[in-house]
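Sharing a structure with you now.
Labels run A, B, C, D, E and F following the written order; every chain starts at residue 1.
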Amino acid sequence: MRLSARNQIPARVTSINAGEAIANVELDANGTRLVASITVEAVRELGLAEGTEVIAVIKASEVILATAD
Amino acid sequence: MRLSARNQIPARVTSINAGEAIANVELDANGTRLVASITVEAVRELGLAEGTEVIAVIKASEVILATAD
Amino acid sequence: MRLSARNQIPARVTSINAGEAIANVELDANGTRLVASITVEAVRELGLAEGTEVIAVIKASEVILATAD
Amino acid sequence: MRLSARNQIPARVTSINAGEAIANVELDANGTRLVASITVEAVRELGLAEGTEVIAVIKASEVILATAD
Amino acid sequence: MRLSARNQIPARVTSINAGEAIANVELDANGTRLVASITVEAVRELGLAEGTEVIAVIKASEVILATAD
Amino acid sequence: MRLSARNQIPARVTSINAGEAIANVELDANGTRLVASITVEAVRELGLAEGTEVIAVIKASEVILATAD
């Protein structure tokens, strides 16, 4: 499967904080901390757990750029 | 300024492909290629050009996770 | 590849309206018209053209619900 | 009310999994399963329940395309 | 039509900068400047022009909060 | 820090409804009610509470326009 999404960052799950509907999945991407908020259903279906290797996929239109003043 | 957005990735602008309304800004984040689609107005106001240091800011709710099957 | 995104709709490309940075890709999903705005780079890399079979992938957090009043 | 959002998919609520802040609303769109994560406040205000007819509204910029390969 | 989206801001169109695929629509919301990037198709179908009264609709999950500091 | 995001609306926190993973933060923006769904981690790190002054930051690509029919 190939995706139109331009941002695909390899990472590893470091922790999961799950509520009833949404879980925050914390990732380590080569030293950079990332967080993905996804449904608890997706956590279960993908079998995500500490140590799982994933790709963080982000559309180019979702990225904001910031500059130091 | 502090942001609620959980994903803040330091990167450097490598190229800008600008249309009339939107520009695709290509970034290098420590070896990972990223792309941000932002308004041409923002490119101009932030003074973005090849080599500019930026932070790619992404809300946790915008991140999709993928696993190899 | 498996995705956390909960919405995955099979569709066929019916037309592409490309600008310099972004292209609007029109889809037919079993009779429902869909439109995806993606980068022109993605159109090229995925080899999208009239008739290409695709999956429209949408995170659950991006879906708004409307009811008739 | 007319909306700029290009994707408007008629569907029916099949189940609601509500947490404290967010609810995942499962939909059937003519045989395709969809999920919308919305606030519990919106579920209450729109009176959503199993069987409610809704429109799933999605901006074109939120749609990722995937191809087999 | 009622929407699950929690943010609905009345505004007036002040200018439109249209490219081939996407247009940036500039709004005045009671003195606050807003910008919406939407498809040129939507601009045409909604008949948007300088002076048109609109509602800017934004999902709660799309809002980032920033604090000074 | 300067942001590419075109929509930056000053507001004040009026209430916070927190679940396990996500909190809905209710805002007053000069009389307009806004809601932001953010991670509970962000609420804690930014020290958000009733009365906190914030900026609601929204990308132009996340804004849908609606017109009265």
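Note that in this section a residue touches a chain if its C-beta (ideal position, glycine included) is under 8 Å from a C-beta of that chain, and two chains touch if they have at least 3 such contacts.
Please read all numbers here as calculations on a predicted model, not as lab measurements.
**Student:** Quick check: more C-beta contact pairs in C-E or A-C?
**Tutor:** C-E
**Student:** Give a one-word verdict, same or different, on whether chain E and chain F use largely identical residue numbers at their interface, taking over half shared as same.
**Tutor:** same
**Student:** Report the inter-centroid distance (CA atoms only) between chain B and chain C in whole Å.
**Tutor:** 22
**Student:** Taking each chain's centre as the mean of its CA atoms, how far is chain A from chain B in angstrom?
**Tutor:** Taking the average C-alpha coordinate of chain A and of chain B, the gap between them is 16 Å.
**Student:** When you check chain C against every other chain, which residues touch at least two of them?
**Tutor:** Chain C, residues with two or more chain partners: 1-6, 19-22, 24, 35-39, 41-42, 46, 55, 57, 59-62, 64-68.
**Student:** Could you list, by residue number, the parts of chain D that touch chain F in their complex?
**Tutor:** Result: residues 1-5, 19-22, 39, 41, 57, 59, 61 of chain D touch chain F.
**Student:** Please name which positions on chain B make contact with chain A in the complex.
**Tutor:** The contact residues of chain B facing chain A are 3, 5-10, 24-25, 29-30, 32, 34-38, 42, 46-48, 52-68.
**Student:** Which residues of chain C touch chain E once you look at their complex with the stated criterion?
**Tutor:** Interface residues on the chain C side: 17-24, 35, 37, 61-62, 64-69.
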